[in-house]
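Note that the chains are named A, B, C, D, E and F in the order they appear, and that numbering of residues resets to 1 at the start of each chain.
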Amino acid sequence: MEASIFAAVQVSILSIAVIFTVLTILIFTIKLLVKLIPYQAPPAKPARRKLPSSNNDQDDHVAVITATLSMHMGKSPDEFRIVNISQS
Amino acid sequence: MEASIFAAVQVSILSIAVIFTVLTILIFTIKLLVKLIPYQAPPAKPARRKLPSSNNDQDDHVAVITATLSMHMGKSPDEFRIVNISQS
Amino acid sequence: MEASIFAAVQVSILSIAVIFTVLTILIFTIKLLVKLIPYQAPPAKPARRKLPSSNNDQDDHVAVITATLSMHMGKSPDEFRIVNISQS
Amino acid sequence: MKEFSFGESTAKILTTTGFSSLEGGDITMIFIACIMLYLAIWKKFEPLLLLPIGFGCLLANIPMSMMANTDAGGLLNFFYQGIKHEVLPPLIFLGVGALTDFGPLLANPTTLLLGAAAQVGVYMTLIGAVFLGFNMQEASAIGIIGGADGPTSIFIASKLAPHLLAPIAVAAYSYMSLVPLIQPPIMKFLTTEKERKIKMEQLKPISQTVKIIFPVIVTIVCCLMLPGVTPLLGMLMLGNLFRESGVTGRLHETAETHLINIVTILLALAVGSSMTADSFLRLETLKIIILGLLAFSFATVGGVLFGKLMCKMTGGRVNPLIGSAGVSAVPMAARVSQKVGAEADSSNFLLMHAMGPNVAGVIGSAVAAGVFISLFGDVAILEPHASIADIVGSVEPGAKAAIAQVVGALHP
Amino acid sequence: MKEFSFGESTAKILTTTGFSSLEGGDITMIFIACIMLYLAIWKKFEPLLLLPIGFGCLLANIPMSMMANTDAGGLLNFFYQGIKHEVLPPLIFLGVGALTDFGPLLANPTTLLLGAAAQVGVYMTLIGAVFLGFNMQEASAIGIIGGADGPTSIFIASKLAPHLLAPIAVAAYSYMSLVPLIQPPIMKFLTTEKERKIKMEQLKPISQTVKIIFPVIVTIVCCLMLPGVTPLLGMLMLGNLFRESGVTGRLHETAETHLINIVTILLALAVGSSMTADSFLRLETLKIIILGLLAFSFATVGGVLFGKLMCKMTGGRVNPLIGSAGVSAVPMAARVSQKVGAEADSSNFLLMHAMGPNVAGVIGSAVAAGVFISLFGDVAILEPHASIADIVGSVEPGAKAAIAQVVGALHP
Amino acid sequence: MKEFSFGESTAKILTTTGFSSLEGGDITMIFIACIMLYLAIWKKFEPLLLLPIGFGCLLANIPMSMMANTDAGGLLNFFYQGIKHEVLPPLIFLGVGALTDFGPLLANPTTLLLGAAAQVGVYMTLIGAVFLGFNMQEASAIGIIGGADGPTSIFIASKLAPHLLAPIAVAAYSYMSLVPLIQPPIMKFLTTEKERKIKMEQLKPISQTVKIIFPVIVTIVCCLMLPGVTPLLGMLMLGNLFRESGVTGRLHETAETHLINIVTILLALAVGSSMTADSFLRLETLKIIILGLLAFSFATVGGVLFGKLMCKMTGGRVNPLIGSAGVSAVPMAARVSQKVGAEADSSNFLLMHAMGPNVAGVIGSAVAAGVFISLFGDVAILEPHASIADIVGSVEPGAKAAIAQVVGALHP
C-alpha cells in the first residue's frame, strides 16, 4: 500500500510540474501575442457579430425602410412576441 | 502515354455527349411542363416565401419593432437587430 | 385455420385484459397523485415557460426592453414577450 | 480502364442506365411513389412523413441506384439501420413527448380507458389478419395500424414482421390522414343526436408538480409491467419531462424541433426505401391496406361505444363523441370530435375534453405494443450494434456454426 | 503501473509528447493548416468549409494525436467514415437543395445547356491529368474540380480516388473562393464590349406547381439515365421538394440550417483529417492544384463560348456573360456575371439571368459525376455498412478466401 | 406461436413483466434515479445533465427493458457507443468552446496559473483514492472529478476506468451544482477580510485578432505537448474559433445550440444507462462520492492559496478570492467569487476578473487529463470503429488467435 501511495505522490508532483510548465509556456505565448497585436479602438465597426448568415447591414436598412413605410401605411403590429433580439 | 490520352479524349467526348443528351431531354421536359401548367396570377396570396422559419409578416413586425425601439431608446437602429419574432 | 383464429381471439382477449389492467392501475395512480398534490393558484409567477437557456443578465435586459416597448406602443407587457437577447 | 474503347464505354453507359434493367414492377412503384407525393403535397396527407416516404420509394425503385433498403452499402440502407436497430422510432417519440401536453388527460384520468377501448381496433384487425392467412406476429404488426401511431407501428413491424414494414407504415400514415373522413360517419351512426349535444364540464387545472411527476410514474408503472415497450414509452415520457420540468428548456426545444425533424427525414426515407417492387407488389399489401382501414374503423367503433358506456355510467356527463379520439392520431382525432360535436350543437366545445382520450390513445397503443412484445418478441434476438458485435455472433447461422466448430477444434 | 518510477514516468511523458516524433512533414502541414485558416478567416475563402478543414488538418498533423483519417478508432477517423460510406456529401446536398431556388432555371430552361457547356472544364482537366500521368479514375476525380461543387468533388474522389481526396477537396474549395478573381479576365477576353452590354428580357414567372414537379422530374429523368448519381442528385432534389412543396416547412428549415451545419462540421473535419503529410506532401498535390486552376478556367471558357453561341443563335438576346455562371459556385459566379455586365453598362442587371445557368451548373456537374460513376464506378464494391456486414464480406481478400474455404470444408 | 394456449400466454406475460425479476438492487437504483430527478428539477442541480442521467438510470434499472449500457442491441447501449468510442465528450466540448469567451483570460493571462493551481484537488484526490485501494488508472479518473468538468471526467473515466464511469459522472455533476455551497466557507476560512476587499483594476480590452489566434495557439502548444488530450482540447478550441472568427456564424450557432443539445441528450442517457445496480451499488461508489467532495474542496483550497501567493507577489493587486474560480464549473465558480467579494465590500466587482481563472480551469483540467493519458492511456488500445474493423481485430482474443491460426494454415 505504502509503495503505491508513494507512487501516487510522485505522479502528482510530476503532473503538477507538467501542468505548470505547459500553462507557463502558454502564458508567455499569450503575452507575446498581446504585445505584438495590441488592441486598437475600432476604426469604424470592428469584427462584427457572428449570427447565422445574412448580411446585418442590409437587414437593418430594410428594417428601417420598411418601418417608415409601414408606419405611413397605418399598419400596426398585432399580437407579437420578440423571441430574440441580439445586440451588435 | 499517348494511348491513354487518346482514351481520355474519347471519354471526354462520350461524356459531353451524354451530358448534353441528358440535359436536352430535361430541357424539353421542362418546356413541356411549363406549357402544360402555365403561371397564373395568384388569386389572393400566392405560394409565399420559404425562408428559414419566419414569414414576411415577421419582417414587417421586425421593422416596426426595430424602429420603435431605436426611436425611444435613443439608439441608432444599427446598434441592435431583431432576429426573430414568433407569434403566440 | 380455425385453430389459429381461435388463438387470435384468445390473444386479443388476453391483451385487452392486460391493457385495461395496466391503464386502470395508471388511472388510480394519477387520481392519488392529483389528490395528494392539488392545484394551487400561482402565488406570484407560477411555473414559467421552458425556452432555451437564458441567464439572469438577460432577464434584466428583457425587462427593460419589454417595458420600453410596452410604454411606447401603448400595449400591456402581457401582449408580447421578449424571450432572448444575445449580446456579442 | 486499361483497355478503354469507345464502343465498349458507350455500351457500358447504356447498360448501366436504369432503363437497361427497368421492369414493370419498378415503373409501378415509381408511379405509386408519385401518387404518395401527390397525396402528401396536394391532399396534405401527413406530408411530413408521406413526402419523404414517397421520395424514398421513388429513389429505391430507380434500378441500379443502390437506394433500396436491401442494397448493402447504399445511402438509404444506412438510414434503414436506424429502423432495424430500433433507434429512430424512440427518438421520434422523444420529440412527440416534448410536443405533447398531458394536462387534459391528468384533469380527467378516466379517459385513459377510452384510449384503451380504442385498441379494440387492433385486435379486430389481428383476428382479421389471421383469418386472411397471416401468422400471429404478422397479424400483430398489422393490427397495430389500428393504434394510429406511426412510430409505434414502425417499431413493432420492424421487430415482429420486418418484411411487412413498408405496407404497414404506408397504411398507418395514409389512414391517419383520412381520420377526418373515416370517423364522422361511424361516430354519427353510433350516437344519438342527444348524446352528441352533451356538454362536458370544464376541466380542472392541474398542479405543475403533478405534470412533472406523471411521466416518471407512467414510465415506472407501464415499463415495469411491459418492459418491451420501454424504448418507446420511456423516450415519450422523457420528452414530456423535458417539457414539463421547466429546467431543461434547451433540450426540450431541440427534441421538439431539429432533433425530431432530422430523425423524421432519416426514418421516412428509410421506410420509403423498403417499398421495393419485390416487397410491396404482393397480395399481402392489398390485404394490409384493407385491414388497415378495418383497423381504423373498429378503433373508432371501440372508442365511441366505450364512450357511450361511460356516458351511461356517469349519468350522461361524458359525451361519447370524445371516445373516437382514443385512436390517437393527435390532434386530428380530437378535432374530429370537436367538429362532430359542434355540428350537433354549435356551442359545444369538446376539443379539450377530447385531448384527454387523444393522448391516452398514444399511451394505449404503446401498451398494446408492449403486450405484443411480451407475447411474441424474443428480446434475446436483438441484433447487437456493430461496434460490439463479436464475429461469431453476426454471421449467418451456417458460417457461424462452421467458425464456432473451427474455433472449438483449435482451442479445445 | 505496477513498477512506477519517477524517472520512467518523466521519460514516458517526454516520449509521448508530440515533439518526440515531430517531423518536417508535420511542421509543414501545420503551417499549411495555418495558411488555410488565414485564408478562411481574413480572406474569407469559403470559410464555412476551409476553416474546419484547416483545423482538421492542424489536428491530424499533431503527432500521436490519433486524429488523422487513417488512425483507426480516432475521433476524426469516425467522422471520416461518413465520407467513406458516402453519407455526408448527399446530406450536404439535401441542404443545398433546400437552399436553392430553381425558378430562374425554369423560366429559361435553355440555360441548362450553359451548365452543360461549363463541364468542358472537367474534361479538359481530365485530359490534362491523364497527360500528367494520373490514371483514368484519378483523372476523373481531379476533373470534377472543374464542376466547382464541393460535395460532388468529395463524393467522386472518395469513390474513385480516395487517396487524392485531400488535395481535390482543398483545390475545389479554394478555387471556388477565387471565382471573382479567376473569371472576369477570361470573360472580358472572350467577349466584345457590345456583347457584354446586351440586356436580357425579364424572366417569366413560373407556376408553383411546376416548381414542385421539377425536382421529381429531374430525379426520374437523370437518375434513370445515370443511376450512380442518385445519392447526390436525389438528395438535392428532395431538399428542393422540401422547399417548394410548401407542406414540409419543418423539414425544410432543418435541412437548410442545423442539419447541413452539423454535416458540414463533420465533413470538413474529416476532409481535414485526410490532409496528412504522407498523403498531401507529394508531387501529385502540386499537379492537382495546377490542374484545378486549369479546370476552373476552362469551365469558364466553355460557359462563355457556349454563351456566345447562344447569343448568335438567338439573334443577340442572350448575354454571353451569363455563360460563366454555368460553373456553379452558387451564387458567386452569378454575381461575377452581374458585376462584369454592370461594368460594361451600369444599367445592365444580369444577376437573375445568371442564376439559371448557375444552378444548372450544379445539375450539370452532378450529371458529369454520374457519367464517371457509370464508366468507372463499380457499384458492386460499395462497402456494406458495419451492422449488416457478414464477416465473409468485410475482410481483406486473403483472409476472406481462407475463411470461405474453411466454411466450405466444414459445411459441404 | 404455433402452439398458442391461453394459460401459457398469460404465464408468458406474467414472466416477462419487470416484476418477475425485480430485485432489491433495481428498486434501490430506481429510487436513486428518482432522487436525481428531484435534485435536477427542484434543486436545479445541473438539470441539463442530471435530469437525463437520472431518467437513463431509471430506464436502465427496469428489469428486462434492455436499456442498460451492457444490453447489447439495446437503445441506450447504442448511445453508449458514443462514450465508449470517445465521440460524444469532444462534441460537447465543441459546443462549450462555442459558448466560452476567453477574453478575460487573455486580458490577464497570468490567471492561467490559478487554473493550474486548482488542479491540486485532482492530485490530493488521486492520492486519497490510491490510499483507499484504487489502482492508479482508477485513482486518476476519480481525481479528475476535482477538475469540475463533466465531459473531461467522462472522457477520462471511459478511457482509464470505464467500470467507474457512472459514479464518477454523477459525482462530477452533483458537486458542480454544489459549488455555491462547498466553496464559500473554504474561501472565507483561507482569506482575511482585508484580502477579500481588494479591488482589482479594470481588464484591458483585447484585439479581436488575438482572440482568433488564441485557440489555434492553445491547440498547437498544448496538443503538441500532450497529444492524448487533442480530441477534447482541439474540439474546445475549434468551437471557440467558430465563435471568434466571425466568418462561421452558421457553424457557431449550431455548435452552441442544437448540436450540443442533441449530444447532451445522448451522452446523459448513456451515462445514466451505466448506472446499473451491479456497477453502482458498491462500496467503490461511496468512496468515490466522498473522494469527489474532497476533490472539489481541495481544488478550491489550491486555487485560493495560489491566489494569496499571487496577491503577495503583485503587492496586493490580486484578490485571492478569484483563485477559487480556477476549479472551472463555469460560470458558477466565478459568481461565487463575485458574491463572496461583494459580501466583504459591496462595491467590489470580481466577476470579470474571476472569469479568467474560471475558463483557465477548463484548460487546466484538460491539460491534467492529457498528462494522465500520456502516463496511463495506451493509445494503441483505441477500439477501431465498426466499419473499418477487420474481423481478426474485433474478436475476443481466443477466437482471434484461432482464426488467425486457421488463416495462417490455409494461406502459408
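Just so we're on the same page, a contact is a pair of C-beta atoms (placed from the backbone, for glycine too) under 8 Å apart; a residue touches a chain by one contact, two chains touch by 3 or more.
Quick caveat, the model's predicted, so the values are computed rather than measured.
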item: Length of the shortest touching-chain route, subunit A through to subunit E; value: 1
item: Contact-pair overlap exceeding half with B-E, pair selected from A-E, C-F or C-D; value: C-D
item: Chain of greatest Cα-centre distance to subunit E; value: C
item: Furthest chain, CA centroid comparison against subunit D; value: A
item: Cα-centroid distance, subunit A relative to subunit C, in whole angstrom; value: 34
item: Whole-Å gap between the CA centroids of subunit B and subunit F; value: 43
item: Centre-of-Cα separation between subunit F and subunit A, whole angstrom; value: 23
item: Residue list for subunit E, restricted to those that touch at least two other chains; value: 1, 4, 9, 13, 85, 135-136, 225-226, 246, 253, 257-258, 371, 375, 383, 385-387, 389, 391, 403, 406
item: Subunit A: positions in contact with at least two other chains; value: 4, 7, 11, 14, 18, 48-52, 77, 79-88
item: Subunit F - residues contacting subunit A, complex; value: 106, 109-110, 112-113, 115-116, 119-120, 122-124, 126-127, 129-131, 135-136, 139-140, 204-210, 213-214, 217-218, 221-222, 225-226, 242-243, 245-250, 252-253, 360, 363-364, 367-368, 371-372, 375
item: Residues of subunit B defined as touching subunit E within the complex; value: 1, 4-5, 7-9, 11-12, 14-16, 18-20, 22-27, 29-31, 33-34, 37-40, 46-47, 50, 52-53
item: Residue ranges of subunit E touching subunit D (in the complex, touch as defined); value: 85-87, 90, 94, 135-137, 212, 216, 219-220, 223-228, 230-231, 234-235, 238, 241-242, 245-248, 250-251, 253-255, 257-259, 371, 374-376, 379, 382-393, 403, 406-407, 410-411
item: In the complex, subunit D residues that touch subunit B; value: 1, 4-6, 9-10, 13
item: Touching residues (chain side subunit D, partner subunit E) in the complex; value: 1, 4, 9, 12-13, 16-19, 22, 30, 34, 37, 40-41, 44, 47-48, 51-52, 55, 58-59, 62-67, 71-75, 77-78, 81, 84-85, 257-258, 261-262, 264-265, 269, 383, 385-387, 389, 391, 394-396, 398-399, 401-403, 405-406
